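Got some structures for you, see below.
Across the two complexes that follow, chain A remains constant while its partner is chain B and subsequently chain C.
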Partner chain A sequence: MKRPNTVVAPYFLITPYILHFLLIVAFPVVFSLILTVHRWNLLSPMTWVGGTNILTLISDPLFWKSLWNTLRFLIIHIPLQIAIALVLAEILNQQLRARGFFRAVFFLPVVISGVVVTILWKQLYASENGVFNEVLLALGMGRVEWLTSPLIAMPAIAIMATWKNVGLYVILLLAGLQSIPKQVYEAATIDGANRIQQFFKITIPMLNPVLLTVIILSTINGFSLFIEPYVMTGGGPLNSTLSMNLFIYKQAFCFYKMGYAATLGFVLAVVVFAVVAVQRKFFEKEF
Partner chain B sequence: MPKRLLKWLFYGALLTGAFTFLYPFIWMIMATLKPEIEVSNLSLIPSKFTLQSYINVFQRIPISRAFLNSLLVSSIVTGSVLVFSSITGYALSRLQFRGREVIFGIILFTMMLPFQITLIPMYVLMVKFGWVDTYQALIVPGMISTFGILVFRQAYKNIPQDLIDSARLDGCSELRIIFQIVWPLSIPTMVTVGIITFMNTWNDVLWPIIVIRKTEMMTMPQTVALFAVGGQADAQMGSILAAATLLAIPVVIAYVIFQRHFIDSMATSGLKG
Partner chain C sequence: MKSLYTARVMRPAFRVLLCAGCLILAGCRSASQANHLTYWCATNTFEIEFARQIVAEWNQDTTHFPVRFQPVPSGQSTEEVILAAIVGKTTPDVYSNIWPGVVEQYREAGAILSLNQFRDFDSVLTARLPSELIEGFRSPDSQFYHFPWKGNPLMMFYNKGLLEDAGIEKIPTTFEEFMAIAPRVVIDRDGDNHPDQWLLDVHIIPEWWQRFFDFYAFSIASTKGKTLITDGKANLDRPESYQVMNFFRWNFIHGYFPRSIFQEDIFLKGQLAFHVTGPWMISYVERYKQPNFEYGVTPLLLPEGMEGPVYTYGNHKSIVIFSTTQYPREAWEFVKFMTSRMNDLRFLEISSQLPLRKDLTSDPLYRDYFAEHPIGQLFADQIPYTVGTDHTIYLQEIFDIISQEFDAACIHQAKTVDEAITSMQKRAQQLLDREAYGKKADRP
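On to the complex of A and B.
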């Protein structure tokens, strides 16, 4: 016979979660939907504007610019990150000494606050006296305007983000590599496949699920790009590093356009879902 | 390719990698010990060691207060996540009740929800509650984590039913079962959830920037970020780098001690997410 305790207990135990969910998920999502059809600066009462926010968004060049900036970031960041992480993970998977040490070093930037990394790289990238430019000058080459050229600033941020995050993906890929049975490689060697063939015919296909995880994770991270441009460039020069998140932040907390910012948030969420869905589809088809 | 050569190539690549990841940090620490005019020199060794950059930081911004704020907020959030996420995870994995699958579905949905959707209304909520510039604004939204619930739910599936049954026969309440039987059996899981939660809370900077405007309530990353972009540093790179170093030190110390746990935890959370 069930005692009353075990009938009531579950509901008692999940109550904190339910309350928390109602407060920080359910209410905000509903309220966000309401905001998308209103104009509101937090102070005066909300005014109904219907589809105006979404129309404003479609004709807002800054929105498209921020979307393009974020995509530009991802196009550089993801392939670079996967290539470097794959190479490092593949090497760490060999029988070598001090692998634990190298693993720990590669992972160090992952645990350190993005604020620290951004401040540090801002100085490395500095046009006058920055470490990178000093090295270039010492090698007899010219300065690069890392953060002050609209063309280079976003790629520079993408390189920094790769440096910060790649350690995590090395660990994920390494775990994936270790789960591939050794016998598969032994059989391939007997059949005369060389290392390079093995890498493309065995390693990559077997790593497929982990690669997809890596791509999705870095996509989601990429769309949350905020503190890096906030500290490094403030979104400039000429809005070339204005990420979608920074754009939303500015609309909401510099201009107090709450309705417009909420609309941007929804659209960004849809974009993230769409991009991730495309990546999933591509992976299912390709392999 | 001969095996020996390949091995040297691998070590070469690993050392290049290690240099690339370590050198900037070493350069940063050395730069903070140099006189201001030498900060951007390539050489690591200053002409004379000075703590002036650190003195500047402590004089210009309340960084010790910011450190205490961050420590307080991160500790409370972590404690709360461990308690409430494990309770929820336990109910979902070990108890039968109507609506369990619905709750589980909701949790999965919440995990997939991009935070950009809830950001603006959450801020409005904080304003309406009068929580702007308070600890509540930093703590309450993070008090339960769906990631924690899923990890605990999975871990608790492996606990023998006999243990739970016999505790019930002895008259233990479900809460006592969780804290006295289930917790001691799942220490590694608690370490994982604890590290991830503490680190994410400590490093988060977007949310504090939105809900905290008063200097003395700011978290440490927020204080350092604003010091770097605002005018208080007088464009003194040495001081800005010193503030960044102070922000990095607690995490680096924790990382050196719990290195393996950090890496394993992040790998788990990465694959879960």
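On to the complex of A and C.
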């Protein structure tokens, strides 16, 4: 027969986690689900609206605009980030002097506050006296309206986000590179393969699991784009940097449409699942 | 084994949980049985100093119910913090920096008290406020839920030196005069084919409240003080809207208004001729200006041929008493003390913001202040010609629509002015119809 305290104790000890899970994870998800069929401004009682929120969403041009903006950001950000991370990881994988120092330098932006980085880059991108435009002028080129041109603002944000996050993916890819056995490269060298052939025929295929992780992580991070447009552009110009998360934030906390914001949140979750599923199917088969 | 396990694991864990529970209960108890009023003020240093002084003076009198003050907790915006406090029922008794545009939402939620319940409210209000402004503070149910405290009329600061250098002797008063001086002001000084100084700045990041400083303020001036809604109908599609939008569009097209983000304050740096702002700018400019920087203040621009007093957006801020208070009568007494003649003078001297009172320029008590601060006097003279915002729960959303259309038609010229105004009128009216429908549905 078991002693009573060994039966009760485990449950007692996991109680904080269970409470945390119920209050911080399960309750908000269930409550948000309930909100999707209600209108609620936080202050007045909830009103049942059935499928109105989803119908509003379908006919809301700003929703489609924000979805397209987010996808546009991902299309620029993910390939750029992975290409730069791969090149940097490959360089850091060589026998360089001060390799540890460079690893730390590349990782530093990841641990700096997102708001701080964004404010700093906003200054760099400033139309008048911003560093980037001053460099362009010194090179005899014209000014660029980095954050005030509807065509350039989102790519400018994508470049900044890449600079901020690339260090994390460099570390992940570096770990992947270091796990590839040297004998494979030695055998390829004996067989006459040059460095480029080795990179595409050995490195990339053998990095497949890490690359997939990096792609999925950067996709999920990309879909959570919020601080950069919120601080730098407010979603403008012409709503060209209005991301899904910024749109949800505005609906919830500027206009107090909690039901609509919850609906948008669930739709965003579905979109993220769908994109990640496509990526897994494509990349797992490809490599 | 059992006793060791119990001693090392179970007892400490139980104690931690017990302590946490006790702390939570203690917190609830102290919140519900406060024996003082809580007053939240704005977070700027001037208003914190004002709050500190008046609360200290109030508490010195032992017959007064004690008051404790604190700046409103920090958040993305004050409205968000107040909203969170209302939802969590942690609102203070008195809050002094409320924007009238959100009062309707709080009223509908029953979060703020009607001030008409206090017997002397009407007499206090009529003694304080110019009669022409009183109706602007009344809610649709005929009650008053916020006490008008300060008004910060928007006017145009101008750089005297820059205008003199451009050979401009008369300060423009109309759109046409303003546009006529533009080519003389906006010039390329260093020969890089790019202007180095501009006529007027407009905040180009599309934040809804920024339209108070351009489209809304100039619309009020052009319509002699009309707001955007009348009896549930949006009035955005009116000739004055076209005049204002065309004015801004023309100046952006010609590069007279910068479509840029700057690192510094270009008005103080001497690169901007005009800047629309309120009296709070006086203390800022005085503190940070270069020794040779001279400036003046002038009313907003009018369409050609229009005469008479120039109206503007008042940027009023009010005081509310939240319905969570257990001491409404005491809170009302504190509000009256806070807005007394002497404390309004104190507020003026500390913050350079203007108490919203009809005798501000005639009461001898304030005469010395305005004699020493002639620019403050210009703002004070403007107060009778100020208007606030409309009463609708969709006000922020309507201003967001205006901001989007302004961005499209004026700043980036992605739409014509006709398309922008037609769209903003239609979308604003849809929101107002929804509000009217909601009210009808709520009726028994």
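Here is the rule we use: the second predicted complex is superposed on the first by the 284 of 287 C-alpha atoms of A that agree within 3 Å, B and C clash if a C-alpha of one lies under 4 Å from a C-alpha of the other, contacts with A are read in each partner's own complex, and residues count from 1 in each chain.
Criterion: a contact is a pair of C-beta atoms (placed from the backbone, for glycine too) under 8 Å apart; a residue touches a chain by one contact, two chains touch by 3 or more.
Quantities reported herein were computed from a predicted structural model and do not represent experimental measurements.
Novice: Going by the contact rule set out at the top, does A:253 touch chain B (first), chain C (second), both, or neither?
Specialist: both
Novice: A:148 in the overlay: touching chain B, chain C, both, or neither? Say first, second, both or neither.
Specialist: second
Novice: In the overlay, answer first, second, both or neither for which of chain B and chain C A:283 touches.
Specialist: After superposition on chain A, A:283 lies in contact with neither partner.
Novice: When the two structures are overlaid on chain A, which partner does A:132 contact: first (chain B), second (chain C), both, or neither?
Specialist: In the superposition, A:132 contacts neither chain B nor chain C.
Novice: Just checking: does A:234 make contact with chain B only, chain C only, both, or neither of them? Give me first, second, both or neither.
Specialist: Touch partners of A:234: chain B and chain C.
Novice: Applying the document's definition of touch, where does A:25 land relative to chain B and chain C: first, second, both, or neither?
Specialist: It touches chain B, and chain C stays clear.
Novice: After the superposition on A, what does A:185 contact: first (chain B), second (chain C), both or neither?
Specialist: neither
Novice: Counting only touches as set out at the top, which of chain B and chain C does A:121 meet: first, second, both, neither?
Specialist: Only chain B; A:121 stays clear of chain C.
Novice: Which partner, chain B or chain C, touches the larger number of chain A residues?
Specialist: Greater contact footprint in residues on chain A: B.
Novice: Does chain B (first) or chain C (second) touch A:13, or do both, or does neither?
Specialist: A:13: touches chain B and chain C.
Novice: From the superposed pair, tell me which chain A residues show up as contacts to chain B and also as contacts to chain C.
Specialist: 5, 9, 12-13, 42, 122-123, 126, 128-130, 234, 253
Novice: Using the touch definition up top, name the residues of chain B that touch chain A in the complex.
Specialist: Interface residues on chain B, with respect to chain A: 7, 10-11, 13-14, 17-18, 20-22, 24-25, 27-28, 31, 39-40, 42, 84, 87-88, 90-92, 95-97, 100, 103, 106, 110, 113-125, 127, 140-141, 143-144, 149, 168, 173-175, 199, 202-203, 205-206, 210, 221, 224-225, 228-229, 237, 240-241, 243-245, 247-248, 251-252, 255, 259, 262-263, 266-267, 270-271, 273.
Novice: Which of the residues in chain A come into contact with chain C in the complex?
Specialist: 3, 5, 9, 12-13, 41-44, 122-123, 125-130, 137, 143, 145, 147-148, 150, 233-239, 250, 253-256
Novice: Which positions of chain C touch chain A when the two form their complex?
Specialist: Within the complex, chain C touches chain A at residues 2, 5-6, 9-10, 13, 76, 80, 83, 86-87, 105-106, 108-109, 111, 192, 194, 204-208, 258-264, 266, 393-394, 396-397, 400, 404, 407-408, 411-412, 414.
Novice: Which of the residues in chain A end up touching chain B in this complex?
Specialist: 5-7, 9-14, 16-18, 20-21, 23-25, 27-29, 31-32, 35, 42, 87-88, 91-92, 94, 96, 98, 101-116, 118-124, 126, 128-131, 134-135, 138, 163, 167-168, 171-172, 175, 213, 217, 220, 223-224, 226-227, 230-231, 234, 244-245, 248-249, 252-253, 258, 261-262, 264-266, 268-269, 272
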